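I've put the structures underneath this note.
In what comes next, chain A is part of two complexes: it sits with chain B in the first one and with chain C in the second one.
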Partner chain A sequence: MKPCAELASHVARRVAVRRLGGVHRHFCTEAKAESSLSLLPDAGTLYEMEMPVAKQLNMRTHLPSSLSKQMGTLGEVVTLVREPIVEVASCMRAVNKTFPTLRLVLWGPFGTGKTVTLNQAVHHAYNNNWAIINLRSAMELTRRVKEIEMSSFVSGRINDPSNAVAFLQNFKQQNQHIWKLLGELLTERDYEWSKSEKTLKDKPITEIIEMGISAPFLASDCVGALFRELRRHATADKLEVLVAIDDANSLWGKTLVKRADRTYAPPSDLTLVVHFRRMIQNDWMNGCVLMVADKKEVADARDELGVSRYTPLELFGEEGFEFIEPFLPIETTNYTESESNAIYNYYVKKNWLATEAARTEEGRKQLMHLSAFNPFYYERLCAFN
Partner chain B sequence: MTSKLIKFAQKRCISSTPSTFNMYDPRVFREPVSDVNQLAKPLDSADDRNFLFVKAMKSDSTPVFYRDSVIDKLVRVCTKDGEKETSRRNVLGALEIIKRRQYKAWAKASDEEKKNITVNPFEISRKAIKNCRPLMKLQGVTRGGTTYQVPFPIEEPEAEFRAMKMLRDICRARARHGETHFKDILATELIAASQNEGATIHAKQELHKTCEANRAYAHYRA
Partner chain C sequence: MLRVTIARSIRAMSSAAPASAPDSDASVRKIGRALETYLKHSQQHVAMMEKHRAEFETGKRHLAKMMGLEVHELDQEAIDRAIQYLFPSGLTDPHARPVMRPPDEILPKFQRFTFDEEGRPEGSRFFTLSPKIYGLMSEIGVKTQSVMKFYDEHVGSRSVNRKDLEPANLSGSQWITADKMKKKLSEKFSPELYAQIIIAFEHLASLPGSAIEQNFLMEFREPMTASTGSKLFGPAIPEVQICAETNRRFAEVTTHCKDTRAVVKVTDAGKGKFNVDGLELHDFRHLQSREILLAPMIISKTLGRFDVFATTSSISASLPEAPNREPIQRSGGMSALPRAVRHGAALCIAALHPEATEPLRLAGLLTLDPRKKERSKVNQPGARAKWIWKRR
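And then the complex of A and B:
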């Protein structure tokens, strides 16, 4: 562990512990007096994300499908503040211009809220006017590549125009709250994308984004340039950046991209994967990298009996694990009884539990135990009752 | 007459003998208790189960609070190739879709209209199946070399079964070649049937019409 990183994670841990102990929040506000972060509600309470914000943050596609359906039905996004998000928020509070980026890995069994926590963190970053780099799933970069192009910038690299454009559009949409600020940040040097297209020095970095969106064949390189500029400006304390990558272990996983000789390309050959890995490195300041270790990368979806692995070391593999070290693991767990009750009461209040039996005391207990306190199955059971 | 009956039985039934082998020997096995409240009480001293074996509980008699005999039967009727789990997922998925649609309508409605909207998907399905129940069935009866479609009266459980079968066949035909998902079309049909509309209700009325037209064959009921 590098000494600097050690210090950073140590401080973050301390903040997290203090925060979790529920002592008080003065320490955090002292540590970051000039830009005091808006605070999350206490663990165990429900909080609502306003609909226009959810729309801007593209929650419909980023949340798990059952929750995004719920969002359409109930017409609101209400999530439970649980310990992982409280810990993430306290780590985000510890971020400042003298510390290298904090790397957090959310891990836990299936259905315990890794993705939801990630999205809550994105919302928290929005509330605090951070820049948001949010990738819906790293698996899209490795397994769902529709078209490929060989890079003209580095030989042997494979560009992925459609995913790059999709990412840039998403970035533009999610960062509308600081779009003006991004427009004031200037590029460091000339970027020569092709013979005719250029972005000159001292132009706003939003021009890079617009360039990428309008010219798909340049988009992959634009992503790299954008990341480079964001890292530079974050280090210069112009803004804070949250990098939220779902299924991040797929950056070291299997790919379905074929090279000319019909062999599968390793992920390190994909331009976007390289750019995202570069973003995870902690050689820049004022940022927080939040990753999710998800078993989809390694598990067989049709295998219902096998117990799959879900710890960061097993999912990231040795190479990935070494790359992301040092990091803070944050475990997501099943509901406690009080948490499941909070959700149950919310459903009752919204009249979402339609059957008489589910609204009885017996129904409440059965819902809890039939789902084995797993948030995913709890929602599934409540969906038809 | 008797020879005719035997001929009929041979032709119509796949097997005219009762099953020769049962997993549970009826001399030593008894039905299990699956009601939770009854489980808490001690067995009656005269009960066979004090000293005999008890059969394993059926997978659809687990004492969950959302147990519903109609839904269980629908799951059984919709099962294909013995994949009951898949079928259950489909039917429960359809219930979820029904609930979501009704909930949206309910949330939009004014306070007075809200009273008339049922959100409970179990209630809607029960009502839908009830509306789909035919009064008669048609069965082929061979007389003098020609097979006549003869209307027969049916009991309530069979009517329920035939309603479900009609519903299932219509949904399966629609879901063929991936046009829609089975659960989507099942949900649409159930909501429609609960308001006496839709393809299944139409099929039921067609059946009634044919029964009416074949009234003259009624005396072939042996």
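And then the complex of A and C:
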């Protein structure tokens, strides 16, 4: 399994590098020229996200549940700067109005920090006043659909009002830092949502969002219009956009939405899925699409012993892989010894590791090895002790 | 005349052909009673072995027919497999299970005396009635002499190792009992003789310089039962080997837990990496599994020092199965598979890092867990469970 995964990653990386050659070459010069992007701390250091910011970015729901609980207990969000976020940040630095959107895929074994890296990237985008399109989990669009409505805009499409409203509300909350800027961006054309509701040309695009939130049956179409306007304005260099989609491979997975004839609808029939796929396409400029390939789409949750694959090709499938190519794969890995020591020292400092045995040298080693250097297991083990 | 007759009859006996009926020569009657009994027993033994050999050959042909094989295909390995299939046995001790082997291998041996051309017994100790024990005693005497001489010649000189001039190191062991000595020499002797032998041994062992006869002395000693050298239940601690390519020390052992057989190889001077059937430590999702796998390293305080490479297989899948049934592919679960690997890893660590042997033994990690799933019974829902009784 392992060699296969490595090979796939190498191939994917080489392909991506070839196709993104131009971008890669410009990385260094861009990084020097563009000083407007705030820099991340060095890899291996801990950095804190201020609580009000974490609240605005809705970290409590977006972070993995165990980390979100730890955030509540310790009263702060402190994460480790690791290789993947450094790489993501350097890619974000390369984004500009002349290049098509960069597509990055975070992949790696369970619990190695894919979601945490994604949220760090969201915070990085916040620090640089980017627009943030953040989806907590693409799986929610395909598997957790509470109510459905048939689309009046395109026949055969299925709208998902509750998820659409939830997304718009989240978008509004996460983009409060540039809300004024968004208010200055104007719509391109008239949008006729229904017979009575309309958004005229040259109105602020925030009106679209307000419209969607206030009228759930229009929300799905509003998401599409919002994305369209954002793409247009980003290409016109009005703003930069970060599209961060967790479990993005679920956009090509299976759904639990039933059609009238009681068959399961393919994901391409879901309006929100279509809108998000459209956002992933790289036919617009000045944006960065960050996706997470997670095994929860394909793995059997009841199989406690099986080990499923986690490489992008296996998870996105043929169709999805074709769609997102070319992309830059970024692998998340287990801790190195120095990284786990950094986390250990943080926990000791916060008195989170309280027992005598855990604070000894032997305890440190045991925690490290019993967690198998896996960040998720390490956190669980330290919370247990 | 008497001597010639004995010689003739003995020559006839020692040949491979079955012994012919004794000569009706009148001189035979003059042979001593003891020798007569010996000759009778010898002939009986030869006849019995012939019979058993013939029976074994017939049995082999029958077995080949039952298993649908040609006789020439049925080698000893095939016989063992067939017996295991036809007479499945749940007995733990391998010696208690049914076997079918050539009679020469399993039947008790007949003690033959050796005679020279003239019919006289070889070696003058024959007439002591206990030739072996007296031979041993004289050997001890000779060795005692040579040890004393060796010491006298080399004491104070630098030509020999200083350790060779010390008494033999016999700590942790004791002299073997009279019964074991009798078995070892295959000869009966009196308790007085045994006491004399022990006195002679003690004297030899107490001499300075007897270290050069250490190996000879240890042949007649056994480890004390309560000491650490006592036999482990299950596989023994393996030998340390050295990898020719990487020049790293490693040890390898095969063990099992429940239905999982594990071949475990532990390499010294590693990074603490695990490879169990291609899975790494972080692929074991449950803390219990990881705890079990790391237990030997935690107890021996060698976390991050040894690399473990293990492959596992299902024992029941490897047992002979009826030809029309496919063996079921099973694998150990989240506890049994790590436990099998843990036992193997603990044994290897005891070999590579001998200081850890005692802590590992006290933690019970060097002992095999022989428990197996009990077979379910016919007409019952399980091994012990019964159907609920219902009147009708």
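In this section, the second predicted complex is superposed on the first by the 350 of 385 C-alpha atoms of A that agree within 3 Å, B and C clash if a C-alpha of one lies under 4 Å from a C-alpha of the other, contacts with A are read in each partner's own complex, and residues count from 1 in each chain.
Operating definition for what follows: a residue touches a chain if its C-beta (ideal position, glycine included) is under 8 Å from a C-beta of that chain, and two chains touch if they have at least 3 such contacts.
Here the structure is a predicted model, which means the values were calculated and not measured.
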item	value
Chain C versus chain B on the shared chain A, clash or fit after superposition	clash
Touching partner for A:362 - first (chain B), second (chain C), both, neither	both
Partner chain in contact with A:109 - chain B first, chain C second, else both or neither	second
Chain B versus chain C as contact partner of A:377, first or second or both or neither	second
Touching partner for A:354 - first (chain B), second (chain C), both, neither	first
Which superposed partner A:73 touches (first chain B, second chain C, both, neither)	first
Doubly contacted residues of chain A, that is, touched by chain B and again by chain C	362, 366, 370
Chain A to chain B touching residues, read off their complex	69, 73-75, 351-352, 354-358, 360, 362-363, 366, 370, 383-385
Residue ranges of chain C in contact with chain A within the complex	272, 278-287, 290-291, 294, 297-298, 301, 303-304, 333-334
Of all residues in chain B, those that touch chain A in their complex	64-66, 92-93, 95-96, 99-100, 102-104, 106-107, 119-122
Touching residues (chain side chain A, partner chain C) in the complex	1-2, 109-111, 304-305, 307, 334, 362, 365-366, 368-374, 377, 380-381
